[in-house]
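Shared chain: chain A. Partners: chain B in the first complex, chain C in the second.
Now for the complex of A and B:
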């Protein structure tokens, strides 16, 4: 029963990882910007939600605030950090270092205003109910599954059917041709950042309600997103989502066999092996070299 | 006060050695590693064990540290040979995260979170180096040696080939440079340098534990190189002095609660990293953008 119980919570964690990783993959796929500060977006959204619930705002209002913060932050970074760097330089490591600086700044700002300790909000949603003998499932599990599926279905439809969605996919394949068609690469890249950042919100909000948040949560989430993107194939949304789900499950199931300290490391063993032997990931085209 | 300044100077020399060794990878080789603290840690553990189990001879400890760190640098050379760019950064991140867990869990060797305590003061051929001033001179000597080696190598054919590879891997390959060998050597050299810094660090602190060898430390070393100016001789040293002086300077700001110093320090250096990348990506000592 322990394994089943762990599997359930692994799926819950994995669904939220999948969303966040898909956001990272969407941004990287469309703009080729290695948005290392995606985890900072997650942390800010989560803390915005905590802030709202401390003010006594309701769930939807808190979620809306988190969404506004995430999207605003993503757009701000795109306009104030990434675009100026790309204009004159464009070396990926410059972007990486700048983004890492942002991660550090956000983490220390959160530390200064919310303290170092874990914060969590309690809600009746996380109260577990016994579904089978020995198997407890909280309502938040179903919520995570439903939200993740809904978001993925609508994202898929958006990318496949709408003009902007097709533009986003075109941006990743051939920015020059896009310009020739009279579409604005700049506006589409802002759209990618807005959408990708919004994808971090469900994970952040539900994360605040379940596992809790700490200032360092951004770094952890970012590492997971990276790992999921590589394992899934960089830039592949579907791959990142699937790998995010898998990583969540692996990370949780490992606990049944090893000490909890190894759960994060397990994900990185998978990551390291993938980079060495299959850098294009599960779904990616061979782009690594 | 004198003791405090001497301690700070020793740390500056040790971290200078660290950033100079990382500069071989980042600045000259274009190998963007964020796992340098791993080799720093391996060297520190190796040095500590030599001092605790054999003899506190600093030369012996440094050699063992360089050897261990050099051998394990193969773990970084492997992905460096196979992938580039973002992929390599992610691989080195993965290595760093794994190493942190291993350092914490392998408590038979590393002492886990408790660390290795009671490292005796260093000696050299039986002569004690326990005096802080003497030890500072030893650290500065190691740093000077590393700088001389880097300067010599980067002017020679190895350095030129390495920099050619950094600027265009395919061009270097087309000119018949042995790319895998160059990369492996650069990683080995950087790793061994970090290992020696680790051994010195173990003697300096008389105590090592995993907290000094985490991702945060790797990022700090990387920031020293980048902020100072990657690929220059003086850049890493400037970055080291600036970033080490920062926490010390912050303690003098009136009205800042001591508990917040850590966060404010992080805030400043994170901000410095971002702003510098936007306005002066080559670092303080580096040439202006577009000149390279």
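Now for the complex of A and C:
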């Protein structure tokens, strides 16, 4: 029963990882911008939700506020930080340093506004109940599964069936060709940031209720997103989603067999295995050298 | 004709500018007693840095108002990040750049990294936050104004046995503090007839504890003891409770911070801490408590008390040395401490042993509506 219990916990954690990692992968896949501040988006969305909760707003309204903050932040970064750097032929490393600076600024602003302490939303949704002997499941588990499924189905349909979605997929391949089809690379890049940032919101909202938040939470989120993107295949949305789920399950399930200290390390062992034996990741295209 | 290079020109033009910054700084250093702080100021343990600094700042304010010393007291802060590496880097800067002669420190790992640097430079380090067992007698220039965790465990163990909480599951952070606590708890609990049924080591950066909770639940312990820091403590409590762990939760004095005290899931938590009786009627305690309440609108915590005491201890020792016409340095401060031993501090008289460690009464508390209530 312990293994089943850990599997349940792993799926819940993995679903949230998958959503956040997919956001990072979507942005990187479409724009080739290493959006290191994706973790900061997660933190801002989470704290916006906490703020709304303290104001007494309902979950849907709090979620909406978090969504507005995350999307607004993503669009702001795209327009005010990344685009000017790219306009001046800024290198990949320059963008990374700029994003890193943004992370520090956001963390400091959160500390100034909310203090440095841990914050969490107390809700009955996170209280686990015994549904089978020895198996405890909280309602937030089902919520995470439903939300992740809905988001991925909707996103898949958007990317496959709409003109903008197809344009997003084409953006990283040939921005010039997009113009021939009447699409704007600039607008598509903004759309990628809006969508990618929005994908961080469910994880941030549910994270505020389950694990809680601290101003430095973005760093961990970014690490997981990065690992999931590599394991899933750089730029692959479904790869990042599946890898996020896989990492969540592995780091939880490993506790059944090894010391708890191996929990986080196990996820990165998976990462190393992929780097060594399948560097293109689960769904990445192999490159001949 | 001698050619003057562009670099020489730049250096020459920068000299007056550099001088204008450096001269006042070194002049200030001569005029003032530089006290360093080596606290975590960013990251998951930053909450401690804020708390520690507030206690020290109030002591400086009081010492200045009382004109205890002929020179002003100046605080110079370095961010230890709560890590040994950050501690070593910060201590080097405080000693070699800021020329601090008395450094306030917290956290076991940070203390262990900074102590050798302090001993080499004969700079006094005073700990008011770290409680790892190894901190006793770390160096002749390292003192503790906080009782260490073995003292807390000694008080907690008979309490647990009396309440039939014999089988304890432990979650501890894998660092010098956590490992020391594990050893002390295992020794004392086993000797008293109890047992550690599980000991899960975690990294200071871990955020997911649902897997540990699942494993602990299968063992059905009488109580769960966790030993961690800062934000992580609140995450552990919340996730254990959410996972259906209804057993008594236990911990040490590190949980006496707002993020734990204000957590609804922490209600009923049992934690050991030094006795903090703010009703004591000595003038030093009353002044501290009254001013604290006036400034912050709440009661101080033992950490505030400790760092207030750490700065007050410096002021008392330096005052004594000034009156005797002696230099105020590491050796003289140490000699004065060992010669005097008893000091009027917040909470009553503080008595120091040969190692420079204070002795204080420890009590078992429970959290009730965010407040510590002594129960044993």
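Basically, the second predicted complex is superposed on the first by the 277 of 289 C-alpha atoms of A that agree within 3 Å, B and C clash if a C-alpha of one lies under 4 Å from a C-alpha of the other, contacts with A are read in each partner's own complex, and residues count from 1 in each chain.
Heads up, the rule we're going with is that a residue touches a chain if its C-beta (ideal position, glycine included) is under 8 Å from a C-beta of that chain, and two chains touch if they have at least 3 such contacts.
Everything numeric here is computed off the predicted structure, so don't read it as measured data.
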Exercise for the section: Label the relationship between chain B and chain C on chain A in the superposed model as either fit or clash. Expected result: clash
Practice task
Go through the superposed model and pick first if A:268 touches only chain B, second if only chain C, both, or neither.
Solution key: first
Exercise for the section: Using the superposition on chain A described above, determine whether A:259 touches chain B (first), chain C (second), both, or neither. Expected result: both
Practice task
Examine A:2 and indicate which partner it touches, taking first as chain B and second as chain C; both and neither are also allowed.
Solution key: second
Practice task
State whether A:13 touches chain B only (first), chain C only (second), both chains, or neither.
Solution key: second
Problem - Touched partner set for A:225, first chain B, second chain C, both or neither - result: neither
Exercise for the section: May I ask you to decide whether A:122 touches chain B, chain C, both, or neither, giving the answer as first, second, both or neither? Expected result: second
Practice task
Please indicate which partner A:136 is in contact with in the superposed arrangement: first for chain B, second for chain C, both, or neither.
Solution key: second
Handout entry: chain B versus chain C as contact partner of A:251, first or second or both or neither
Key = second
Exercise for the section: Check the residue A:88 against both partner chains and state whether it touches chain B (first), chain C (second), both, or neither. Expected result: first
Fill in the blank from the handout: On chain A, the footprints of chain B and chain C overlap at residues 107, 111, 259, 261, 264
Problem - Complex contact set, residues of chain B against chain A - result: 26, 32, 78-79, 82-87, 89-91, 93-95, 97-98, 101-102, 104-105, 215, 219, 222-223, 226, 260, 262-264, 266-267, 269-275, 277-278, 281, 289-290
Completion exercise
Listed in rising order, chain C residues that touch chain A in their complex are 42-44, 46-47, 49-50, 174, 200-203, 205-208, 210-212, 214-215, 217-218, 230-235, 238-239, 241-244, 257-259, 263-265
Problem - For the chain A and chain B complex, residues of the former touching the latter - result: 34, 81, 84-85, 88-89, 91-105, 107-109, 111-112, 219, 223, 226-227, 230, 234, 259, 261-262, 264-265, 268-269, 271-272, 275-276, 279, 288-289
Handout entry: In the complex with chain C, residue positions of chain A that touch it
Key = 1-2, 5-6, 9-10, 12-13, 107, 111, 115-120, 122, 126-130, 134, 136, 138, 210-212, 214-217, 220, 251-253, 255-256, 259-261, 263-264
